[in-house]
Each structure stands twice: as C-alpha cells, then as structure tokens.
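Labels A, B, C and D are assigned to the chains in the order they are written; within every chain, residues are numbered from 1.
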Amino acid sequence: MEIGLTHYLFISAILFSLGLYGIITRKHAIMVLMGLELVLNAANINFIAFARFGGMNIEGHIAAIFVIILAAAEAAVALAIVLNIYQNFRHVNIDEVDNLKG
Amino acid sequence: MTQDVMLLSIILLLVPMLSFLINIFFGDKLGRLSGIVGTTILGIDLGLAIVVAFTKLVSHADLFIIQNKIEWFNIGSIKIVVGFGVDNIAAIMLVVVTLISFLVHLFSTVYMEGDRRFPKFFAYLGLFTFSMLGIVLANNFLIMYIFWELVGISSYLLIGFWYEKKSASDASKKAFITNRIGDLGFFIGIMILFMTYGSFMFEDVFAGISSGLMPFNSSTMLTLAGIGIFMGAMGKSAQWPLHVWLPDAMEGPTPVSALIHAATMVAAGVYLVAKVFAMFTADALTFIAIIGTITAFIPATIALTQTDFKKVLAYSTVSQLGFMIMSMGVGGYTNGFFHLVTHAWFKAGLFLASGSVIHAMHHAMHHMKDHHSDPQDINNMGGLKHTMPWTYRTFLVVTLALSGIPLTSGFLSKDGILAGTLAYANLTGGWHWIIPIMGFASAGMTAFYMFRLTIVAFHGEPKTEIAKHTHENKAQIVLPLVILTVLSFWFFYSPNPIDASKGWFHASVTQPQTAVPAAYQWDFLISEKAAPAASQHLSESSHGETGQIAEAGSHSTGHYLNKLQEETHHFHLLAMILSLLIAGTGIAFAFAIYQFKVISADNLEARFKALHNFSLQKWFFDELYKATVIAGILGISKALSWFDTYVVDGIVNASAYLTRGYGKFVGLFDNIVIDGAVNLTANTTGYLGSKIRKIQTGQVQSYVVFVLLGLLIILYFFI
Amino acid sequence: MLGTINFPILTWITFLPILGILIVLLVPNGKDEKGQELSKNIIRWVSLGITFLQLVLAFVIYFNFNPALTGVNDIKTFQFVEKLSWINAHLPMVGDIKIEYFLGLDGLSVPMILLTAIICFIAVFPSFGINKAVKGYFAMYLLLDLGMMGVFCALDFFLFYLFWELMLLPMYFLIGIWGGPRKEYAAIKFFIYTLVGSVFMLLVMIGLYHSTGSFNIIEMMNGHNFRPDSIFGGLNTTIRYTAFMGLFIGFAIKVPAFPFHTWLPDAHVEAPTPISVILAGVLLKMGAYGMMRIAFPIFPDAFGYFQTLIAWIGMISIVYGAFCALGQHKVGKRDFKKLIAYSSVSHMGLVLLGMASMRPEGMVGAIFQMFNHGIITAMLFMIVGVIYDRAHTRGLDDFGGLAKKMPVYTGIMAIAFFAAIGLPGMSGFISEVLVFLGAFQSYPVLTVISGLSIILGAAYMLWALQKIFFGAIPEKWQGPWDPTHTKYKTDDVNMLEKVALIPLAIIILFLGVYPNPILNLMTGSVNQFIELMRPFVYIGGSLVGM
Amino acid sequence: MDLVTIAFYFFGALTIIFGAVVVFSKNIMYSAFSLLFTFFGIAGLYVLLNADFLAITQIMIYIGGILVLIIFGVMLTTRITGVDVKSGTMGKFQLATTGILTTVIAITLLIVFSSTKWYLKEVPAVESTVNDIGNKLLTNYLLAFEAASMLLLIAIVGAAFIARKK
C-alpha cells in the first residue's frame, strides 16, 4: 500500500492522543508542557501532510511555521510561568495550584 | 438755523447729566466743591435755555415746532422713531426748569451744608433736571414716557434722600408707586395710540386722529386713550385721587420740595396735557375738568387746618395743580399753562422761603441743643417777621401772588382760569356750573390759609424760644428768594396789570387746533377759522433715507380764536371782581381770626369739630387707601402666596406623597411576592451551584478533561 | 465670514467645556509651600479661562453673524451649520434610526448663545467662593455649560433632547451637593419636575420621528414632510393638539409658567449663588427657546388653537408671580432669593405673553426680554450672594441701612433693581415696552391686566430695597462684616465682585440706550417666524379677543 | 516495500514510541530526552513529505531551542542535588479514566481520518520549498509574519519579566 495521507494522519492522531494523555495525567508542569508540544507537533504533521497530499502546498508549510513560532513563544512564556510558580509554591505540581477552585 | 436750535437743545438736555456723572463718580473727591460745580453747570444750562427760548419765541415765532426725528431701532417694517422738539411752551418750560433748578442749586449749597451725602444731593438734582428737560423737549410719547419714569426715579431718590428716617423712605416709596399707577394708565394710552396710528410721534398721532381713524373704530376708545394719557398726568401732578403722595413727599429736603414738588415735576402733568391737548375728546376733557376741580377743592380744605409749614404749602400746591388741570379741562389752554408758569415762580419762592425758615429754626434749635421740637410746626414759630426780614418780605409777596391779588402774576393767571370756567359753564350749562363755583371757593380758601400761614408764622410774638433765636440766612439763600419774588410781579408777562391777554405770553402760547373730529369735540373748541390742520401736520413729517433727518415742523401759529376764548373775554371782568371779592374775604377772615383774634380759632374749631377733624386728617384718604387698596393688594398677595405654598405646591407634594405611598405598596408587593419568587429561584440556584461547584477543582487538568469530553460529545453529535 | 469657511465654531463653543473638565479633573490635589491649596486656584482659573474662551467665540459668532439670513424654517439660511450623519442604524422592530449631528444658528438662537456665554463666564466669579469639593463642582459646572450651549445650537431634535438631559444631571448635583439646608428636597423637586417635562418631550419626539422619518427640526416644520397616514399627519387633529400640549408643558415647566413654577422658588433658595445665577440667567430661557424653536413652528395649527390659553397663562404668571413676590406667605422668613424667584416667574410670563401675541414687537420683545432677564436676574442673584456671603442670611427682615455701610454696593444694586422694574435707560424697559406693545394688539384686555405688574413690580422691589438698604442698621451688623479682615478687607463689595457685577451693569445700561446690537440680530428671523405662523394664528385687532 | 515506505514506518515508529516514552516515563529527564527523539522522527516525516525547510526548522527550533529551554526549566525547578527528578502522576482511578478517554479520542480520530473522503491533490515534488516560503512570507503573509515577530518579542520580554525574582 502506497504511503498516503491517511498514514500520516494516523501518526498524528496517535501522537495527539499521547500528548493529551500527558497533559492530563502528569503533575509536573514541565511535563504538561511536553505533552503540549506533542499535541502541537501532531497538528504540524497534519498541516504538512495536507500540504503534500491535500493541495495546501506552501500555505500548509507557512501554517506549520507559525505553529512552531507560537510553540516557541508559548514555551518561553510557559517556562517563565513555571519558574514563577516555583518561586511562589516551591514546587511546580499543578494539581496543587488550585487558586481557581470554586 | 433750526438745526442750531436743535443742537443747542440737545446740549442743553445733556449738560445736567454731566453734573450728575461728575458728582456721582467724583463727588467724594470734590467734597464741598461739588455744590459749586453743580451750580455752575446749571448756570451754563440756564444760559443755553434762555438762548434757545429766545430764538424760538422771537426769531422762529412763525414755526409751530422745531424738531428732529431719528429712528431709534426697528423691528423689520415697524420703526420706532423718536426725537426732540422745541415749541413755544417747551421754550418757556426750558427757562422755568433751568432757572428754578439753578436757584435751587444755589440755595442748596448753603442749605445742605454739612450733610454727609452733599455731593450725592447735587448729583440727584442734576439727574432730575436732565429728566425734566427730557420731558420738556420730547416730541413723542415714548421719549415722554421714558423721561416721565426717569423723573419719577430721581424724585424717588430725592424724597428718600435722608433714608435713615423710615418716614422718608416710606414717602419715597409711596410717591414712586402712586406715580406708577398713573404711569400704567399713561402706558395703556400709549399702547392704544401706537396700535392704531403706528407711531409715537405727537404729530403722526394727531394727523391720524384728524383723519378720522379711531382706535378699535370707536371714539370711546379715543376718549379712553386720552384718559389713559391723562392718568399719567394725574400721577405726576398729584391729582385726586392720586394726590396722597405729594404731602408725604415733603419728607425730602426742602430745596427738593421747591424744585420738584412745587415748580417743575408736578407741573409735568399739566405740561403733558398741554402737549397732547389736541387729542382729547369732549368726554376726556370733561373728565379732566372734573378731576381738576375736585383736586382744586379737596386739598384746599385740607390746607385750612394743617400746622406743618411745608404740608400747608404742599396742599396748596396740589390745589393749584388742580386749578391748572381744571383750566385745561374746560378748554382754557393758555391760562392753564400760564398759571403753571406763574405758579412755578411763586411756589418755588414759597418753598424756598419755607426752607429758609426751617433752616433758621434748625440752626436755632441746634444752638439751643433742642432736638425734640418740630422745626416745621408753625405753632413753634411766630414773630419771624423781625428776625428774618428778607424772608418775610419775599414770602409776603409770593403769598399775595398765590392768593391772586392784583399787580402779581398769580392774579393774572388765576383770574384767567376762573373766567374760563365761567365761560365754559355758560356754554355748556347744567351741572357744569359746579366747576366755577368750586373754583371760586377754592380760590377763597387759598387766600385764607396762605394768610393764616403768614400770620401765624411771621406775625405776632414768638411762640417759642426757638423762634426768638432765629436769624436771617446767608445771601445764597436770600438771593434766590428775591429773584423768584421779582418774577412774581405782573410786568414780566403783560404790560397791563389786570389783563394778560395782550402780553407776550398769550401771544406766544396759543391754543393748538384740536385734532379730534368735530363730532366728538365741543363745538366751541373748534376754531372758527377752520384751518386744514391735519394736512399741515402731515406735510412736514417726512423721513429721510437714513431716517435721521433733523427737520423743522412748521405749523403756522396763526391765532385760532374759538368761541370759548371770546366768551372768556366776556367773563373776564366778572371773574376779576368775583375773585377779588372772594380772596379779600379770605384774607379778611385770616386777619380777623389769627392777627386780631376777633373770632376765636378755638371756638370755631370746637363748633365745627367734625369738619375740622375731617380736614386735619386729610379727609382720611390715607386711611381709606390703606384699608381698601393697600390692604386689598396685600391681602391678595398673601392669599396667593398661601395658595402657592399650600395649594399649588401642595398638589405637587401630595402627588409626590401619593407616588411614594404607591411606591411603598408596590415595594411591599415586590418584597413579598416578586422577591419571594426571585429568592426561591436564587436559593435553588445557590443550592445547585453549591453542589455543582464541586466540579470546579481549580486544577487545570480537570478542565482539560471536561473540554475533551465536550469535544467528544460534539464530535459524536456531528458524525 | 466665518459662516462660510470651514471652521466648526459651534462644535468648539459647545465642547470646549469638555477640555476644561479634563484639565480640571487632571489637576492633582496639593498645597503650595504656604499651605494654600494651589489646585483649587488652578481649577478656578482654568474654568474661568475656558468660559472666557467661550465668550470670545460667542463674540466671534456675533460679529460674523449675518442678520439678513433669517433661518427659522429655511435650512439654507442657517449659519455656522455643521451637519454630519451621526447614528445611522437599522434596528429590529424600530426600523431605521437616522440621527444627525446638526448644529446651526439663526436670529432666534444667537442672542441665547451670547447670553449663555456671558452668564457662564460671569458666574465663575461667585464660584470662587465655593470651597467644598472644588474639583467636582467645576467639572459639573462646565458640564452644565456644555449642555446649555448644545441646546441652543442643536437643530436635530434628538441632539437637542440629548443636550437637554445632559444639562439636567449636573444641575441636580450642583443643587443637591452645594446647596442650602433643604438642598435634597429642592434638587429632587427640580429633577422630577424637569424629568416629567422631558418625558413629554421624548414621547412627542418619537411620534414626530415616526411621522417624518427624521429628527431634523427644520424638516418637521414643513407640513409636507409628514406622512399623511402617520400619527401627526394632517392638521388640527386631536393628537396634534395633545402632542403640542405635551411639548408645551414640558417647556413651560422650564420657563416656568403658572402652575408649573413651584420648583423655582425652592431651587433658587437652596442653590448656591452661581447656580442660581445660571438657573435664572440661562436655564429658564431654554423653556421659552424650546417653544420658539420646536413647539410652535412644528405644531402651528395647535399653537393657533391654544394661543389664547397661552396668553392667559402668560398673564396669570405675570400677575401671580408679582403678587407672590409681594406676599411671601411664610412671614418671619421672607427670603430675598424667593422674592427674586417669584419676580422671575412674573418676568418670564412676559415672554410667554409676547410670544402668544405673534406680533413682531411682541416676539422681538420676548426674546429681548429673555436676554435682559438673564442679565438682570443674574445680577440680582449675585447681589444677594454678596450679602449672603457676609451675613449668612438672606432674610429681608434681617437687614436695614446697608446703604450707609456699602455705598458702592447700593449703587450697583439700585441699577439692578431699577432695571428689574423696567426703568427707562435700562434694557429691561425696552423689552417690556415691546412685549406690551405687541401683546396689546392681540390681547388688549389681558395686556392691561398684565400691566398691573408694572405697579406690583415697583412695589415689591422698592419694598425690598427699603428693607435692606434704608432705615437704620440693625445692631448685629453695626460693626464690620469681618472684624479680623481676613476674608473681607472692606465692608463694601470687593474687587472680584465688582469685576463680575460692573460688566453686567454696563450691558444693562448700554442696551437700554442702544438696543440695536441685540435687536438687529433677531428682527429678520422673527419676521420669518411670524410669516411661518401667520396662516394659523390669531393676530388680534379687536377688543373681543381679550 | 520501497525505501520511502520503509523510511516512513521507521520514522513513524520512532515518533510514536518515543512519544509514548515521553508521556509514560516517570523520570522527567528521560521524558525530555525522549522528546528529542520524537522531534527527530517528526523531522524525518517532514522530509518524506517534501518539506525540507520545515524539517530543518523542526530540528533547529524544537531540538535546538525549545528542548534546551525545557531541560533548563527542569534543571531550575527540580532540586538538582536531590534525587527527585521523577514526575508524579495522578491516582490510579484518574489514570484509568484518562487512559480510556484518550483512547476513545484516538480511536474516534482514527475512525474520522480513515472514513473521511479527503480531497486529494498531490503536489508535485519540488527542488526546494525555501524559495516559495520566503516569497509567501514577505508578500501574502507579511502581516502575519510581522505579527508573529512582535509576538515573539513580547513573549521574550514578558517571559523575562515574569521570571525575574521579585
């Protein structure tokens, strides 16, 4: 079977689910961040796959680039926040950071 | 040439204003100098007045009026045109006003010496002179009305000059308000005329009337307009029933009484009647005559018993003004105006003489440290003849003039008036005979009370220590007296001491042709030589392009002899004899009672107690007005004020109260029913919320889970 | 001609106070080294500066205004016009809403603009004495200023209404916060009264919009712009009469005319001096202006129907106000301000009477009377303020003999009093005469009855003058007002008060002798106005019409 | 099985396996390093998809930038001297639920992806995409490009601000 669009989508779907699992289950803030990176990358794979097979062409690439840029920015800010949380709570376990509790 | 006269007149008008402005703004710096400044300015004004009068009376005798017109402002097509003009009576009045004003200024420099508001006094005198000259020079109703009011206000300021005294400020208020009542009538008259004839100018109004146009197409309205205008005169000239302010106005400084309340302002009413004489219908004239007659009679009776020096003079003034108005009313235009002029001199003389007496009394009291006696009460005087010889002499002469004794000016004018009333009564008949009868009676009383005053105050022995210590005053006070006395002799007006009709005065002041159509006028007032007056009035009143053309109206002053004048001539001798007899009787009684005490005054008083009291209490007019008009107005205002506070505002507050009550009810309903429902909902929601909020863990991850669940549901929903 | 060049002068003159409000609010609180509160003074002088700029602009308008262009119902001859589409929306259920930002002036409004600018400038001087919450006070003051200017400039009904309401609010606070002992009562009363008026106005405004499809006041004056099947279509319908009456009551409350006047005495008595000045000087004029600008020309047929009633209301206000001023029921506390307040009712009644006459003299007299009454009453209230500041009472029975103590003050006061009773040589005389001349032609009997006010006016004014200035000084005022000489160095009026009062006196005297500068502004417009109304109104000429 | 297919499966497996390690590993350092391999696999997939520029970028930014950042973060927030570089997870119940949930999502996604009739239009392979991307970025997407640069700047400044010690 020729490697086609669906294959790549499958990989991205699995990666996405893994990322999601990581986000939900892990306590450590940086782990959550890593899960997030996985999700973003899953999205990126989709973009490129559609660029190759779905006629999106360069536009898909550019979308992916912007996602990367966003991921970079997000990582920077998120880490800064993590550091801040650390300074405030002396730990970064986000399940204990529940100031929003109703 | 006429332009020059107009220019001079305007300057003449404005010069006293200058005096006012200088004294009001720089008076404090000038101090005592302000009197000299004021007097000098008035001296200049007097010179100008003489020039203007001379030019008008001699050089321009052929012109009826020298006047100009200017458009003051306009409202689209409606133009308000005003102006000033000098006719013969104005020319004469100019001299009267400025001369008396000058003399009063001179007199006041001494009389008002040491007063705290000395400069203000001269300022107000200047303002008054300005306003009075404005009245004299007006050639239209609007300007007349404006200066009319200004005169009122300057009189207000001067009467209330010593405002620390409550009686003075009360008197000034009373004078102003009483005058305003008259002014309202004046203004209504003006409104009727303006509405009908579209102009304020005398000549336009007269032309309109003679063209037969009537206000509201009714001659009654013309009569009413005339009566309205005359009401203005009633206010200013203190005609019954508006006469009550004048005696009270004596609260003002005596020079003011001389200037305003004897010679000039109170004569303005008569002057006004003379100015608009042409517009009065027969009915209006009858009304005027009746008012004049009553005014001549009632105050004369009051003057019989008064003991205040100035009050006697005041009532005599009112009475004399009644004579003038009566004369106007019966058609005796020339004699009425003549009496105005002669009366101005001798009444000013009387007042200044009384001022001289009061001043001397004051000084004497001051000298004796007496602060309680009344310096104006004639019962405190007596024997002043010896201490104040010049004052006595001049006073005696002017008293003779007022009483109408031959060789004086008063004789000439009063005689003319009485002859006129006789002629009028003869021509009209019936109840009109009351007019001459009351006129003669008043003349007799005048002679009596004037001599009573002279005898009690000047003759006999001094009744108090104060009178003994009086002294003759300075020259500034005596000189005006002398001048006014000299002017009260006959030769200024006529070479013939018993007949004025050949003199220059009667030649200059001739009765104007009436503008009222013959149907509404006495036939004997219609000129035999029926000149086309209307067309003459019209021909001269053309506007220039700019509306600012000074031009001379040139009504011929041809002698229109009417039947009344001829008749008056016939009655001249009879009137002379009668008036002499009556005046002589009055004087004789005065001497008999007060000088020689042949008849006891106390006896008379006791016998006619009721009458005496009635006269002494001034016929209870003040009390009557207080009980009716004033109480009525105050009552209405109190009632309306109550109405406003409790009813109108009460309704407002009540509606507010009801609204509040309703609000309370609605509030209760709200609280129990609606709020109950709301609370129930809220409680339920709160309970549910307290359960559901458990979901909010505050953990980001649990939120993610819920987001995912939601996403899934949506996903499956769509698939 | 500024009217033709592209400078939005009306926007400037209206919204200049916004600038002032911003500056006033941004001034920091603080004291200088001497402990003087610097910020208060800065705020005061900024307000003075802003109002002065407004005054300058008002004079620019005055000198560039061409009286030959009449305006009124002719959109082309309005001047300084600014017309922009402002709100243009399609709303569900309501339909299209088209509101324009439409400003412009004609002969009816220019005198009012001038009056507003003068009064707002002059009233800042007595405001210097306000020491409580200065910042808030001046912000409110300037907002009030803005509202008033806007009302006189607006030619769009919605905009007019907006400014009308805008001015109401600061007034409420100015009375309610800086007022006298019963300030809350007075403020609420004022507010509710005027709000009731506004509600009527709002209802009619909406109705008019539905009938014409526009808020443009000038288009509303043309009968062709009404859809024939709309509620206000046609002529002489009951609904038009009702609407007119609604508008009339709304405006009559502001005038205020009998029987809607009772808020005025309370508001005046409780308001601080400068607010009384503005209330009497400008606010009352807005009612009469609203009638001229809106109620009468939009419903000329209804005006014709109610003309005699309006004349009656005018007459009753005149006489009734004068009697009440004389009466002042609650004896023992005869209040100077209340006297002037009732005299305002009387004098504003003259405006109504003049307008009801529908004669050029009457109308011109009415507008001129509005202007004059503004100046004269402003002066009177400031004069009351002067002694109130010193003696802390306004009771007429508490004073006496002040003429001796305060000669200059008495002189100024005399000018104001004599102007108020219509003495010739003062501006009030000319307007009164014109109103009477005009009214007499239409309603001779009513005018004669109104003439009573000439006498009553003299009675109550002179009575007050006598009470306060003549006679002996009461014991407690024998000494100087301020023995320490910190606040008042002399017993007489001080420089600040002179600066405020003397210009007004000069205006009164100048216009009394030479009224043309104001009269010329409006004669053209008034004649145009009367042309517009002529087919519908009664113009008298006989005794029968009362 | 041609080379491309083999490469695909290789890179796919690399990505998924190391992704799983990232998620399931207890040791945070392991996770971090596994992430490196995941990114590497993804870069490989990009190459297979003719996205040469993206592949380079992936390696440069993710591996060179973000990953380093993450590792720094780990170092800073976890006491280095201490042994606790492990990252705790939730309780068993939560783990199970989450597992079920994510599995359901994965299956759903797979079903969706396989059942959808995608619009297919294969793009011919090009020499290099760099040129085109550059052109597009500086023409059509200039605004987005600039916005992104602003975003980065703000993120940097913001991050520095947030992270500084008070």
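Throughout what follows, contacts are C-beta pairs under 8 Å (C-beta built on N, C-alpha and C of every residue); 3 or more make two chains touch, one makes a residue touch a chain.
None of these values were measured; they are calculated from a predicted model.
**Q** For the chain pair with the highest number of C-beta contact pairs, give its two chain identifiers.
**A** A-D
**Q** Could you work out how far the Cα centre of chain A sits from that of chain C, in whole Å?
**A** Their C-alpha centroids are separated by 70 Å.
**Q** Could you tell me the distance, in whole angstrom, between the mean C-alpha positions of chain A and chain B?
**A** Distance between chain centres, rounded to whole Å: 105 Å.
**Q** Cα centroid separation between chain B and chain C, in whole Å?
**A** Once rounded, the distance between the two centres reads 35 Å.
**Q** Please tell me the distance, in whole Å, between the geometric centres of chain C and chain D computed from their C-alpha atoms.
**A** About 75 Å separates the centre of chain C from that of chain D.
**Q** Could you say which residues in chain A touch two or more other chains, in rising order?
**A** 20, 24-25, 95
**Q** Can you list the chain B residues in contact with two or more other chains?
**A** Within chain B, the residues that touch at least two other chains are 705, 708.
**Q** Residues touching two or more other chains, restricted to chain C: which are they?
**A** none
**Q** Can you give me every chain pair that touches, using the contact definition above?
**A** Touching chain pairs, listed by label, come out as A-B, A-D, B-C, B-D.
**Q** Using the touch rule from the top, collect the residues of chain B that touch chain C in their complex.
**A** Going by the criterion above, the answer is residues 24, 73-78, 142, 145-147, 149-150, 153, 156, 160, 163-164, 166, 168-170, 173, 176-177, 180-181, 183-184, 187-188, 191-192, 194-195, 216, 633-634, 636-642, 644-646, 648-649, 652, 656.
**Q** Which residues of chain A touch chain D in their complex?
**A** Residues of chain A touching chain D: 3-11, 13-22, 24-31, 33-35, 37-38, 41, 44-45, 48-49, 51-55, 57-59, 61-62, 64-66, 68-77, 79-84, 86-87, 92-93, 95.
**Q** Of all residues in chain D, which touch chain A in the complex?
**A** Checking each residue of chain D against chain A gives 4-5, 8, 12, 15-16, 19-20, 22-23, 28, 31-32, 35, 38-39, 42, 45-46, 48-51, 53-54, 57-58, 61-62, 65-66, 69-70, 72-74, 76-77, 87-90, 94-95, 98-99, 101-103, 105-106, 109-110, 113-114, 118-123, 129, 132-133, 136-137, 141, 144, 148, 151-152, 155-156, 158-163, 165-166.
**Q** Sort out for me which residues of chain C touch chain B in the complex.
**A** 189, 192-193, 258-259, 261-263, 320, 323-330, 360-361, 364, 401, 403-404, 411, 418, 423-425, 429-430, 433-434, 436-437, 440-441, 444, 447-448, 451-452, 454-456, 458-459, 462-463, 466, 469-472, 515-516, 519-520, 523-524, 526-527, 542-543
**Q** In the complex formed with chain A, which residues of chain B make contact?
**A** 693-701, 704-705, 708
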